[in-house]
Each structure stands twice: as structure tokens, then as C-alpha cells.
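Two complexes are shown next, each including chain A; its partner changes from chain B in the first to chain C in the second.
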Partner chain A sequence: MSEPTGVIHDIGYRHYDGVRLGRRHATVALAVHSLRGIFGLGRTIRAKIIPFLIVGVMMLPAVVSIAVMALLRQKVMAYTSYGSIMQAVLAVFLAAQSPYIVAPDLRFRVLPLYLSRPVTLWDYVGAKLAAMITAMFLLLAVPLTVLYIGELVVDLPDPVKTGNYLAAMAGAAVSALLLSCIGVAIASFTPRRGLGVASVIAFYLLTSAVSTLVSATMESVNNYTASGWALMINPFFLVDAAVHVGLFGADASSPVVYPSGGGAVALQLLLVVVLIALSVIALVTRYRKAAAR
Partner chain B sequence: MTILATEGLTRRFPRVTALDQLTVNVGPGVTGLVGANGAGKSTLIKILLGLLDPSAGKAQVLGMDTTTQGPEIRRVVGYMPEHDCLPPDMSATEFTVHMGQMSGLPRTSARERAADVLRHVGLYEERYRVMGGYSTGMKQRVKLAQALVHDPRLVFLDEPTNGLDPQGRDEMLALIRRIGTEFGISVLVTSHLLGELERVCDHVIVIDGGKLLRSSSIADFTQTTQTVTVEVEEGRQALAARLTELGETVVEHGRSLLVQVRAPETFDTLRDAVCDLDLCLVRMEQGRQRIEDVFKEPVSRESADV
Partner chain C sequence: MNAVIAGISYRALLGRRRIWLLVLLPVVLIGLAVLVRMISGGSERIAVDFMQKFALGTILPLLGLIAGTGVIAPEIDDGTIVHLLSKPISRPVVAQTKFLVASSVLALFAAVPTLVAAYLLVGFESGIAYGFAVGALAGGLAYAALFMLLGVLTRHAVTVGIAYALIWEGVVGNFVPGARRYSIQQWAQTVADQVSSSSFLSSDLTIGFAATALLLITAGAVLWAGQRLRTFSLTGDE
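Right, the complex of A and B next:
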């Protein structure tokens, strides 16, 4: 008699005796998981709409610029002004996605599960921050790179602006670092996602409105130094002034002249570092409290 | 072999002392940790996971010190919390795979283990759906699966039967028993119901107000907790009177009677008494006593002696 086919055997419980990787593997896995989640990968269709819409909008100026370069043989914009022109879109992305990576874990109390594993609280916070920073960087760096490749391919009579491209990439890295730290820190204070989105967008609107308003007022009374400094309240212009203009000597992408000179640039860079440090301290304090619950 | 041991373990919070000079030794198998809410069960688990430092004393899990070797302990220990901890927009499979990776499993191994473990806890087709729509029973199963996904040597289950209906409770308890015997994973399970732990544990530890009340093997417990709950439609007083007359110990408990089981004959006496009085028997159930009931009596007796 032949063996019966299609029988389900209860093989019982099997122990796992394969490799067990360490903390670093877990931290990287968490960062990758979060990064995928930010772009809605591995999530529902609804979660993909906003990130992909924003990525599309971010690509638009690059595509249009390439088309203009090809057809009219003319440069449209400097790489370094890309971030400042698209700042509202970047801010919306930050506001929409940074609460996603921190709020659900707090709200649905998944955090204790992570902490009952080898990863420490700081691995967790680091992985989440790394994911957001990478996402923000990609969001700006990909269109910049596409534009750069476009410029190479179109082959304009002017020399290719590689220096300006590299300055813009450095700026993208710094702004990703600064904005992600601020965004995630603000978002981590509420376990409710909607509230997190509102807080981050409010932060951006407030800083951009206040900086424009104060800057314009100062300009009207002919105080140009104060006007330039007022613009630094907006994190996008701060990075533009500190990195693009200050470190790489590119042209400013704001209508107002930035405070310049070695001292001013050093102060702007210090401001960037202080803002990042403050955000990280806020995050650490927040999570120390959350972990104690 | 000792799975976990504590010595003079004390944990003080600004306003309460959660654990007070707790010294216990736990061997392999299924161990129940019983105590009322706020007795210090969850604090003990946090200390054992190395997430909370004790104020005094020390604890060892699988031979590792909790204050210095926390990460090493958490690598080989599983934890199922009491509260909800599942993100509603993920499927059980994805979530369990992710948690397996968090425990240090490579992605492919995590996938295999997740499929295995979800099958063992009894989740089949529904594991591909998002967890937001799960029933409490299914959620408890996923919580258990994530604690087992990395094949730990010891699992801490904090109130695994919380919120389950009687059938769900029975299934969960059977599963816990299987984990301890068939899977060969030691279990520390907490509950505030001694009755249900009796059925699955080899050893029971009772704590109250952070102090050790009792630690003994299950055999010692069964005698003290053998009661049967009887509910009749009418004539509760008459039945109580008759049983007392026949030498049984009866306590009225709301709409039902708690009868202490002296010997198997008690059941016969009970049956005969109900028949003789021609009463309508609604329910007869082996007692699921609350821990407070069991330990109130000896304590009050002791204090009366003083």
C-alpha cells in the first residue's frame, strides 16, 4: 500500500537553534521598518497616498527644470534654492510623517515590547530618528540628484554646476538632521497622531510667519542686519545661510540678505547645533518618562 | 536547577513600597505568581527583565544578574504584558516577524518562527488581517506569540487570561500548560485568580503588598482551595441549614453557596441534600476562588490567636 498523500502531520514544537544577532541588528531592523513605514511601504494603500503625493510634488520642479533646460537651453534654478523653494512641501511631509513613527508606539503601548528585548531605549530613539532623517534627506536629495543627472545629460553650453550640487546635498543633509530632530521631538510629546501633525505644522507656520514678519518690519526701518537675523528664525533659511551661503559660498535663496562674515556664519552653525541638541534632550526626557510608565 | 531567584528584593517608589524583602526560588516548569492588583507582580517582572533597578536586594534570572546583565536576559526571555500592546494597522504575521527581528532573529528565521508560533497559539487565516479588528482572544494569542517568537528559555506572562470569556480562559490555560511541558519553556504566569492557576501550575507563589505570603508546590494548595459553588433556584437557606446539619462547612456567597470539600463524599451529601429538599439545581461548579478569600481566613485566624 502506498503512503497516503496530503496528510497534515503535527510536528509539534520546534526549538530555534539558529543564529541570534545582537542589538545592532535589531536597531537596524527597527530603523528600516520605520523608514519603510514613513513611505507607507508594507502599510495600507491609504498610508501610501500622502508620502507618495509629496514625493511626486517634490519631483515636479526637477522634471520641469530638465524639460526647460532641454527645450529652452536655459538654467532655471540653483540647486541650493531647491530646499527653500519647496520648504512648505518638506514641512508638510515632516508634519505628516514624524508623528507616524513615534505616536502609535506610545499610544498603543508597543514601547514596552521593544524594551523587553535587547534593544535599549536609546537604540530605539536612535533608530526612529535615523529613519526620519533618512526619509527627509531622500525626499530632497533624490530630486536634486535627478536634476543634476538631467543637467549632465542635457549638456548646456554653461559648465555643469557640480559645486552647487554638492553644496545643496550638504544642505539637504543638515536640514534633514535639523528638521527631523525638531519634528520627532515635537511629535513625541503627544500619543495622538492628529495632534502631532497639527503641532509640527503649527511650529513651521509660526516660525516662517514670525521670521517673515519681523524681517519685513526690520527692513522697513532700514535695519538690514536685524532683518537678516530675523530670517534665521525659519529653519530652512537658517540652513541655507549657514551651509549653502556660509560654508559653500553659494547665492542666498531668500529675498533678504543674510548676515554674513565669519562670525555670523559660526553663530548660525552654532544655532543649528543648539537646536539639534535641544530637540534631542527633549526627546530623551520624553522617553525617559515614557519608559518609566 | 533554578530558573530565577530573588534575595531580599525590595523596590520603593516615592509613595509606595511595591516589593518588600521578597525572597523566592523558582525551578523549571510553570510557576504561578498570584496577588491582588497592586501586589507588586508587574514590578517584580520589570525587575526580572532588568528594566527597573531594585532599591535593595538582588535578583537572578537563568543565572544572570538583573542589574548588570539585563540585555543578555532579555535576549533569552519572552514577555507578554498585561495591557494592550498591538498596533492596529499591522497584521499579526508582520508584527510577529518584526518582533522576532527585534529579538535578534535574521529576517528569514523570524518569518519561519512567526508562522510556527502563530500556528501553535491557534491563529490561522486571520493572521494576515490587520489586528485592529481582532477580538480580545485573538489579541491575547498574538501577544503570546510575540513573546515566544524567539524561542525563549523562560516567558513572563502578565495576566494572560485577562478579559477572556470562560472558554477563552480554558484555551489560554491549556496553551500555557503546553508551553511549560511540550515546548519545554519555563513559564512565570501572573493572575489574581488562584483557582485558574491551580490547574496549570507546578508551583505557586503568593504575594501581597510586595511581601511573600506563600511559596509552595501546587499539591499543598489544592486542599485549602477545594470548594464547590452551588446555586439553587429557591430554598438556599434550607439547603445551607441541611448541609450544616450534615456536618459540612457552608458559606453564603451572594446568590450561591460555597461548600468546602472535605472528602469526595461531600459531593454525594450535596446531591442527596438537593434531592431530598426537592430543589431546582441551577449550577454546581468547582470553586474558582479569589485569592483574597483563600488567604483571608488563615490570616484572620492567626491575628485572632495573637
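Right, the complex of A and C next:
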């Protein structure tokens, strides 16, 4: 009888019999990982340059405003207009970073690997969206809060505008929700990061340019209602009109008068909700297809 | 100029999803031109304003970005550029071919729709349509070269490109007049102003400065991209 030729060695493989943290933990871990990745944490130094440069630019008006408040003793800008003034910077951040969180997974077709774990499709999409929403919110909320603390510390003669600050924070939350859903949905349609960046920025540039243009044209023929509604094509002004002006009664941050009145505000809020819903549906449909491959 | 490389670049640019964005932007431009025409009824002032802000200010940089980075950045991203660079073709020729492909795409998707949009707005009145078409072509060439160079220099070419187009040309250019001297958009407008005789179109720069700057940027970027490809090292994705 000959010696056995093939031997299975006992290399000491052991089962994992610790606690299984489960679906929710996995989802939270994915969201936190994506959020860190958006700001380049845990990635190479080159991946940190762009997000932190943008954070720096976003902080600039807050720092300058505090300096002006301290030296010249006067208010520079309303909290609610911060987002509208810095909209180009916010849009660049959205365009630069939303493809990052969706494109690599689609490109390397690792979705089935995620879905073979307890994480479901909705968990995956939800985690990615939550990460982007949190990042966009932080990007606007941190400068606002710094500015607010600055106003408290500087202690101007006129009362502190806490109401305006809270309205701006609510607006920051709604605009983060709306922009992130749209941005991630657009970015998810291509596995290429470069094209994703271009598509998201094309969306912002087209909506902002078209809204300004149509609004100005309507104003030139004295149709002020249409002019106000045309401005709503720009998501930043839509949120400004719906939340800041509509819900909190702040001053508008655009030169054109928004459509006002209860019906108009309700319609604007509905528009925000519909846009978010459509983006989420598009995103889930896209991922159903990607997961099947 | 190398026909095979040109063919590959055309396929990369016009195949798959990129073409939709390249078609969408001119369609929006022409659609809006029709809308503005219907509302404002052929006013020359509004037409010039529309062409300056929308055609040259928004659509052209976007198309330049998509075409300019699109000819080379995906290949670098995929790593397939290695196959191209390992062939006995001079690297500057590779860069020049890709630049020609991007410029021809921009001529078709940016300059021609600009001409059509301006014609729909005011017809061929005071050379506005020709002026903006020539301006779009000149600006498009410079954008194509610059953004192709960015694609060779960095993995984040599109982000750097939009930061330049949106923040430098858009925001900084609006507040700091000096920044306008160094903006492709302004140079393109100067060229348009030179060709057109419309009194509503005026530019702060002289045509000599703008033309020299456009030429220098275009030629310089293509040459640099070629030189850069000669010593190209493919780094991994982060």
C-alpha cells in the first residue's frame, strides 16, 4: 500500500464565535467609512487636498465677518444668505465628492459582495446618502455656527439674531438633503469618476444659469410672478424660498422677489419633497440593476 | 497626427454615456435661445447678454471640460494608456492627436450650436452670430488644450477644471477685475467682440492680448502635455 500523496494539513482554522453585530452596525460602519472618505480621512494626502481646500474657502466669509464685526462693530451678512452666496463652492464640493462615494463600488462591481452580507440594498443606498448629507450639512453648518459664536462673543449693540441663525441651520439641513440626493443620484449613473463630476457640475451650472436667465428675461417683460418661479429652478434659491423665507420669514437672499403666500410656499416645499423622492427612486433603480450584474 | 489614436479617442469620447452630456448641453443652449427669442422678440442687447453669459460663460467651459479631459483622463484612470504609450509613437504626437480630436468635437458641439443659437436670436445682424461662433471656437481650442493638460497632470482633472471655470472665471472674475485678464472666457469674448460690430458687446481687453494669450495657452498646453507624457508614470488609484 502506497503512502497518501495529498494531505490536508490542519492549519488551525478557527470559527468566529464572537458576537455578530448585525445589519444595523454594518450600515453605520459603511456610512461612517463613506463620510470619512468624503473628507479624505483614511485616504492619501492627495485625496485630502480638495475637500479641505473647499472647507477652508467655506470658512473664509465667516472669519472675515467676525473680523469686521469685531473691528467695525457692524453686521456683514444674514445667516440665511450664507448658503446662497457660497453656492458655487458648495456645488463644487458636491460635484467633486459625490462621485467618489458611488463610482468605485460600481466600477469594480463589488456591490454583490456588499449584498452578500446582512446589508440590504436600501441600507447600502441609505448609508451612502447619509454620509453625503452629513458632509454637505457640516460644510455649511460649521461656518454658520462659527459665525454665530463669533456674534455672541463680539457682543454687538443690536440683539443677537438667534432666529435667523436657526432658520439658516434648518435651511442648511434641507439643502444638504436635497442636493446630496440629486448629486449622488446623478453621479451613480456612471462608473467613471471624471464623468460623474462633470455631470453633477453640469446639473448645477445649467439650473443656476437657466434660472437666472429665464428670471431676468421674464422680468424684462414685467412678468414678475414667472420671474420669481423661474428662480426656483436653482435648488439653492428653492430652499431659500421654501425654508428661510417661507417657513421662517427671513429676508430673501436673491435680488428677485420669490413667489410668496401660503400656496406658493406649500408648492415649493412639495417640489423639494418630490425632487428628493425622484432622486432616491432613481438611485435605488440604478442599484437594483447594478446589483444584478 | 495618428489615425488609429484619433479613432480610439473618438470612440472613447462619443461612445457610451459621455455623448449624452455632449448632446444635452447644445440642445439646452438652442432650446433656451428659442425661448428667449419668443419672450424678448429679437432684442440685440438681450441676445448679446445671453450669448456672453450662457453660451460662452456656461456651456463652452462645460463642453471644454468634458471633451478636454474625456480624450485622455479615462484611459489614465483605467490604466489602458500604458498600451498606447508602449507603442513606438512619439508622445507629443499622441498629445497633439488627442488635442485635435477634442477640438474637432468642440467645433461640432460648441461652435456650431453657438452659431445656431445666435442666429435664432438675432439672425446675422451686426455679425453677432459669426463673432460668437469664432469666439466659441477659439475659446474651445484653449479649453480643450488646457483641460487635456490637466488630465495628464492630475487624477482630479475635472474637479480642478471646474474650480478654475466656476470659481476663478465666475466668482473671482466678477469681483476682481484684474482676474479677468487671465480668463479664457474673457479672451473668447474679446475675439467675439472683434468679429462682431454690435455696440452692446464690449470687452476690456485688446484683441492683440487676447489672441496672443489664447495662442500661447493652447500651444503651450499641448506641448507641455506631450512632454509630460514622455516621462509619464502611472500611479495607482488611491
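Heads up, the rule we're going with is that the second predicted complex is superposed on the first by the 278 of 293 C-alpha atoms of A that agree within 3 Å, B and C clash if a C-alpha of one lies under 4 Å from a C-alpha of the other, contacts with A are read in each partner's own complex, and residues count from 1 in each chain.
We take it that a residue touches a chain if its C-beta (ideal position, glycine included) is under 8 Å from a C-beta of that chain, and two chains touch if they have at least 3 such contacts.
Worth saying up front: this structure is predicted, and the values here are computed from it rather than measured.
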Touching partner for A:50 - first (chain B), second (chain C), both, neither: second
Now for A:30: first (chain B), second (chain C), both, or neither, which partner does it touch? first
Touch check for A:278: first (chain B), second (chain C), both, or neither? neither
Thinking of the overlay built on chain A, is A:193 touched by chain B (first), by chain C (second), by both, or by neither? second
State whether A:95 touches chain B only (first), chain C only (second), both chains, or neither. second
In the superposed arrangement, which partner chain does A:206 touch: chain B (first), chain C (second), both, or neither? second
Between chain B (first) and chain C (second), which, if any, makes contact with A:218: first, second, both or neither? second
If we overlay the two complexes on their shared chain A, which of chain B and chain C does A:110 touch? Say first, second, both or neither. first
Scan A:266 for contacts with chain B and chain C and give back first, second, both or neither. neither
Could you list which residues of chain A make contact with chain B in one structure and with chain C in the other? 43-44, 47, 104
In the complex, chain C touches chain A at residues 17-18, 21, 24-25, 28, 32, 35-36, 39-40, 46, 50, 53-54, 57-58, 62, 65-66, 69-70, 73-74, 77, 155-159, 162-163, 166-167, 170-171, 237-238
Quick check: in the complex, which residue numbers of chain B touch chain A? 49, 51, 71, 74-75, 77-79, 81, 83-89, 94, 98-99, 101-107, 109, 113, 116, 120, 130, 146, 150-151, 178, 182-184
Contact residues on chain A for chain B in the complex? 12-16, 18-23, 25-26, 29-30, 33, 42-44, 47, 104-105, 108-110, 112-120, 291
Chain C touches which residues of chain A in the complex? 43-44, 46-47, 50, 57, 88-89, 91-92, 95-96, 104, 189-190, 192-195, 197-199, 201-202, 205-206, 209-210, 212-214, 217-218, 220-221
